[in-house]
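Both complexes below contain chain A, partnered by chain B and then by chain C.
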Partner chain A sequence: MLLDKGPSAAFEATEPAVLHFNWSASEHWIPLALTAVAFFTWLLATRSNKYWAALIGLNAATLAGYTAWCACNQLWLPETANDLGAEVDGLFNLVLFLTSIFYFITQAVLIYTMVQKPPANGRAKPVHGNHTLEIAWMLVPAFFLAVIAIAQLPTWAKMKGQTSDSSIPVGYDPATDSSDLLVTVTGKQWEWRMRYADPAKAKPTNPLLWASTPAADDVHVVNELHAWQGAKVRLMLRTTDVIHSFFMPQFRFKQDMLPGKTIPALLRTDKTNINSDGTERCWEIACAELCGGNHYRMRGKVVVHATREDFMRWLSETKTKQTARKDSLAAATKPSDTPAGKE
Partner chain B sequence: MSQTTPLSQESSDHAHKHHQPGFIGRYIFSTDHKVIGIQYLFSSLLFLLVGGGLALLVRLQVGYPDQSIGILTRLIPGLASQIPAEWGGRMSPEFYTMLFTMHATVMIFLVIIPWLTGAFGNFLIPLMIGARDMAFPLLNMLSYWFMWPAFGLLMASFFVDGGASGVGWTAYPTISSADLIDGSYNSPAARHAGLGQTLWLLAVFFSGVSSMMGSVNYITTVLHMRAPGMSLLRMPLTVWSLFITAILQAVALPALTVAALMQLSDKILGTVFFLPPGGAQFGAWSTGAGGGQPLLWQHLFWFYSHPAVYIMLLPAMGMVSDILAVFARKPLFGYRPMVYSMSAIAGLGFIVWGHHMFQSGMDPRLGAGFMLATIFIALPSAVKTFNWLATLWAANIRFTTAMLNAMAFVSMFVIGGLSGIFMAVTPVDVQIHDTYFIVAHIHYVLFLSTLFGLFAATQFWFPKMFGRMMSEPLGKLHFALTFILANCTFYPMHILGIGGHPRRYFDPTLYEFLQPFQSLNRFMTISAMLLGLAQLIFLANFIFSVFFGKKATQNPWESNTLEWQAPSPPPHGNFESIPVVYRGPYEYGGDGATDHTPQTASA
Partner chain C sequence: MGQFGTPAKPRVGNEGSAAAAIGKLSASLNLAPAVLERGSKQYRRLCLHCHGLGGEGAGATSGWLNPLPRDFRQGEFKFISTAEHKLETGNQPLKARPRRVDILRTLHQGLDGTSMPSFALLAEEDIQALASYTLHLSIRGEVEYWALYYALRQDAETIKAIEKDPKKEAQARTARFLAGALEWEDPEADVEDFVAKTKDKLLTAGMEKLLDRLLREYAAADNNPIQPMADPYGDAPTTSQSLANGLKIFQVQCVNCHAGYGRQSALRFDNWGGVVRPANLTTPVYKGGRRPVDLYYRIFRGIPPCGMPKANLQDGDPARQAWDLVRFLLAIPYPETLPPEIRQQIHGGAKQ
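Let's look at the complex of A and B:
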């Protein structure tokens, strides 16, 4: 078979690098510097326990500051490729905001207790609890948790449901599939195989059936997912061997592929990654479920063409190339003793 | 101690007067709960070194993917097939997967659980409830010795054909379960899922049986052997947490143990529990038709393994609560809410397992249900945090090593708990599921919370175990270094995960979107190496103090609970006479003659 080229080459035997630490690189000297900081805090803390408060407090503050720094320096959520992604990021920010409040309050109280004045005559008041306080600090987080629980439901429905306009997840019905493009993605150790229906033909009437029974004139592509800007893409996720997970960071898309199942998923491609000068921004596909030694090599890419025409041109070209390759392969491998009638 | 089950305290007294065991009976195959507890402690420390070493190799590979570790084959020649000379001494991708699989397995099944429930559960439960021993001493001994085959099998599996299991500690079918080709131990699914995975399943089975025996024993002991006056609501939170943990284990563990047997039978007997009707195709080799479901494993696995996270956390919470109260010299704030919230965590813990499976192909409507339960399990954790802080409020704090570790536990548990909320938000989970965010979360819970709890507890109960004190200056140095370096090692993982860095990648530099994170990966590797070195301080302190530590008095921390009424270390049978309990465990502070009132002080 044309595409059955087996697992990707395992490992290129190149000369290994000798571990050479470049100590001027910040990632190498900062841990050492922080070790020294911890050591000196320990020395200082023999004089006053306030230094312990400083250690724990500065740590909490540094973590918060570092997180903010990462968010401002692109060490953060990748670019979003669709509106749904923006919604996910909105939820992320909401949770980050609410948890930050809780984080700062609890850390501040903890640090305060470390520097507070000890009670007079060294005896604390033996308080065993406070009913009102218990009720209060149960109800307040409960309220915010409820907000978080409810706020996420519509987005979840749109992400995992099979229509994009329902606020509860809806199961898949092949009869009412209104997507613009059907792609069957089959995970296999260790590559992604994409299959498109013949561009010359109409969309398959039963996508589920088509996903499990390829047509002879389907277009096959390895490790590249193509679509166009503004398309509603129906992905039919399958695997032939083990569980893989189809992960496209820019689309906030991740779905396991289960042996024995075809999992339909809806993908919105609201943005193109072809720049106006014709260059392409790299949107990658990764496998997010351990699938063997070469799990890390299941790298693919997504191309969202600017227009449907661009996409169709690409698909037709691919189809033509594939037919030509098939013909030449058939000509090359046709044994002389094959009865002509069998072709 | 006689080998029969003591039916009552009196018969136990009787037996212990008449029987003097020899060295082997006293220190090796001992049925004394204290010796077994200490055996568990020593073994967990040994396994901690192994599990930590595996983690450092994992970090080395992720930080420096082209690095040669050929030197390892000189130390352990059996690994030569995993670190081939023709690759210039670089590890194979398969070996990398074995490393993180074994790191997780060793740390979870042989370090955290045995250290918490095995070492402290065994040592503390009878002492803290005023009993002479466990309800079933022989079963107790058996439970300890069932752990060793698990360790032996796991370590031996590195050297079998194909190497150790490399399918992750979650062992998802079909990569893990594909049956072995006739006449060979090789799996068609992966070179490292053959005999190694079979041995892994056996090891999990042994460790499961070991924990089962322990938990039955703890439940019975707590329910039947409490000293007079020790009502359930006078038990210290340590005992409560160990009791609740034992119930969790007794109910959840059978699911995993049975699932391990099912997968074993899929592998070697050719059953198809986890093989879908269409079978699976591995290159040219087909498994033939199945009839099962790969998702079934995930349900069974997480039905245990989610409660297991609480098994690995609750005892640390309990012990930290006690340590906080002792060194705050103030009663624990909200004793009852603490007990209720631990019970709530345990109860809710059984209906949240599906949050590990949001992206698994499980029906998204079911996912929404699991999401709700998961969101609200944050509530009891929040209540606990507030109560800890209220305990510290207006307290007379003594900054001992144990207290510093316990306070760090509170600070770090807040991070571990809050990062869990991100994953409970299902759309956000889509992005961060199976990325380093999860790795960060689990390590903030298991390393920066549980392990800090364990450092605190070890420092705290060491005098009772060995009759000597651990060094305070060394303990504090270890604390300062570990606290900073553990944050350096694990916090940046959150950032990687937000950026989408998948876990378990042999070489992340292949991906363009991961390029900006590689320097962070190196940062974490260097920090992890230093963190590993810092643990040697703890070990040195531990070993040194066993022999040369300052002699401990009976109650060095001026604590109220019953174990401090026994001599340090307690003799066989623990108490001269069974104590009578008159009050709760947290009566500190106040204006009395002393600032603490032991549980045995009569009104």
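Let's look at the complex of A and C:
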């Protein structure tokens, strides 16, 4: 059942590294049941303000309870895989905390006004034109918005590479550049095409030019971003058609790809998703911008190898396949050997 | 006709004694009902909106795509690695069909430069099942096409048979269909004898004949891939002599269609009535795969449904010429790797 697993259960160690597109049939009752409950409570609530007030209170309590339950059971946010993760989560929690306070205050005011006795003359006391109130509800939110705006500045700067790594396009020097790996990600309806510069070779003198004109020894891969633990990956994000958004939840990384532009981004991979027993936790790549009919198909995966050697082994294997002058697939995929054939 | 079931319960061939051979063949091609059912489910979720329910390439989104999604029903595929298979008996040679790995490659890698995405992140069983279902749709489409073709054609013999007894048009057409199916298999076949033996099960028997033939073609393709000639240069890097040879062959064999190295190729029609453009070879986008062996297949098998003929290397050392051409094609998108005179010729004087 969906609720048993929670949103991050798909990323548990036991799960195979395959993306699941299916909801099982038994899970379809959840939205149906919720709709039915909502309908009947609405029917009940329309009969009296008191019922409405109770419903609003119940709603707030349920939300708070469910949120707390998820947070306590590690079902809240997916694991973080880099230095930015904790900062982004911190900001998220800060915003959630601040908005929650005001959510409960407004709900309480709402319930209070609904359940209190009507005044003797039957008319409500108007607050329209009350200067003190108006100044208060401008200044208080302004203060909290300013807090949020200032609190996110360092993270934003770090995320957008505006600190010491702001070397593209101005001031990039392949000799002093600190990145370990250069990957061009080209979004396309509906897949991600990745192109790796060989990290064992000299870096391209102009990565922006390299992003649009492939080199002969680049390695081409579809839908899989590979790196190694502790690598600093420089991504060059492009698109061949419409706007896509490259989203990697574990890295708290989300960047739009705009037609006609090459957008550089830096990514640190502090954690591996290869478990000690060799299995792989599924770290997903998704398109976060509705990009057309098959937007849902634009999924990929990130593999962070444990060591640079593992990564280089994978890269050279992929390159060997890419430069094959013989068809090695033939023997391996005869029908009788296929998994489906054994059924 | 019941040979292929429904999208929810697909199968190949009827159950029963007459279809025992068909059952065996379809099992060897991994077309068992359980596999097809799984494939059909995935197909209807992931492929249907472009390729259409029956594989006719006219799903809801197909109109917005260029190139158009493949219509599987003719049993023709562009990116395959088999050639026509000649039979010892002198009957019609078995048509070149895709190997299973050809379809799997497309499912895994997608077709770069088109709207066909990669499905590599599905479970391997699902990819295998999708490959099986693609075969199912092709075979189904082709059997239905030929059945209709033979049943509806207005050739002199059919018209004569109908005029003889207009009330028995259906029987006459069925007999013509069967005769067509048998001729296709064996020009010497004794149609009268076959008709006398099968009587009222004529149509089913004719369909089974066609089906059997198609299944044998697909099975033969799996066992008879094109064997690429060994690269005489081995793993050595491409030399400028090799590039010069490749250029020479290109200018004789390829330049008519791939004008300006494909930059100025003229549009042409393919077998499905769509419009195709011979590839621009100065960009490293290869629909059928970027492995050298993929280019070898494209060159030495051609892409018949699009009118691309196979290269014809008769003189001298064919292996050397073949790999010179492949190496040349793999090098020309990268001007910085070319010797100055070849770079000048292909990319002009512009500074790269």
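One rule holds for everything that comes next: the second predicted complex is superposed on the first by the 224 of 343 C-alpha atoms of A that agree within 3 Å, B and C clash if a C-alpha of one lies under 4 Å from a C-alpha of the other, contacts with A are read in each partner's own complex, and residues count from 1 in each chain.
The rule we apply is simple: a contact is a pair of C-beta atoms (placed from the backbone, for glycine too) under 8 Å apart; a residue touches a chain by one contact, two chains touch by 3 or more.
None of the values given here were measured: they were computed from a predicted structure.
S.K.: So, does A:Val302 touch the first partner chain B, the second partner chain C, both, or neither?
M.R.: Neither partner.
S.K.: I'd like to know which partner A:Lys160 touches here: chain B for first, chain C for second, both or neither.
M.R.: The first partner, chain B, only.
S.K.: May I ask you to decide whether A:Thr113 touches chain B, chain C, both, or neither, giving the answer as first, second, both or neither?
M.R.: It touches chain B, and chain C stays clear.
S.K.: Using the superposition on chain A described above, determine whether A:Leu63 touches chain B (first), chain C (second), both, or neither.
M.R.: Touch partner of A:Leu63: chain B, not chain C.
S.K.: Tell me the contact category for A:Ala142 with respect to chain B and chain C: first, second, both or neither.
M.R.: A:Ala142: touches chain B, not chain C.
S.K.: Applying the touch criterion given at the start, work out whether A:Val219 contacts chain B, chain C, both or neither, answering first, second, both or neither.
M.R.: Neither partner.
S.K.: Of the partners chain B and chain C, which touch A:Thr323 in the superposed model: first, second, both, neither?
M.R.: Once the two structures are laid over each other on A, A:Thr323 reaches chain C alone.
S.K.: Using the superposition on chain A described above, determine whether A:Leu181 touches chain B (first), chain C (second), both, or neither.
M.R.: A:Leu181: touches no partner chain.
S.K.: Check the contacts made with chain A and report whether chain B or chain C touches more of its residues.
M.R.: Ranking chain B and chain C by residues of chain A touched puts B first.
S.K.: Just to be sure I read the superposition right, which of the two partners does A:Leu235 touch: chain B = first, chain C = second, or both, or neither?
M.R.: Once the two structures are laid over each other on A, A:Leu235 reaches no partner at all.
S.K.: For chain A, which residues lie in the overlap of the chain B contacts and the chain C contacts?
M.R.: Dual-contact residues (chain A): 18-19, 189, 293-294, 297, 299.
S.K.: Contact residues on chain A for chain B in the complex?
M.R.: 6-7, 10-11, 13-19, 25-28, 30-32, 34-35, 37-39, 41-42, 45-46, 49, 52, 55-56, 59-60, 63, 66-67, 70, 74-78, 87-88, 91-92, 95-96, 98-99, 102-103, 106-107, 109-110, 113-114, 116, 118-119, 122-130, 133-134, 137-138, 141-142, 145-146, 148-149, 152-153, 155-157, 159-161, 168-169, 171, 189, 240-243, 245, 247, 249, 252-261, 263, 282, 284, 286-297, 299
S.K.: Spell out the part of chain A that touches chain C in their complex, as residue ranges.
M.R.: So the residues of chain A touching chain C come out as 18-19, 21, 189-191, 193, 213-216, 220, 222-224, 293-294, 297, 299-301, 321-327, 329-330, 333-336, 338-341, 343.
S.K.: Which bits of chain C are touching chain A when the two form their complex?
M.R.: 28-30, 32, 34-35, 38, 45-46, 49, 60-61, 64, 81, 99-101, 104-105, 109-110, 112, 115, 117-118, 120-125, 128-129, 132, 222, 225, 228, 231, 284, 290-293, 296, 323, 330-331, 333-334, 336-337, 352
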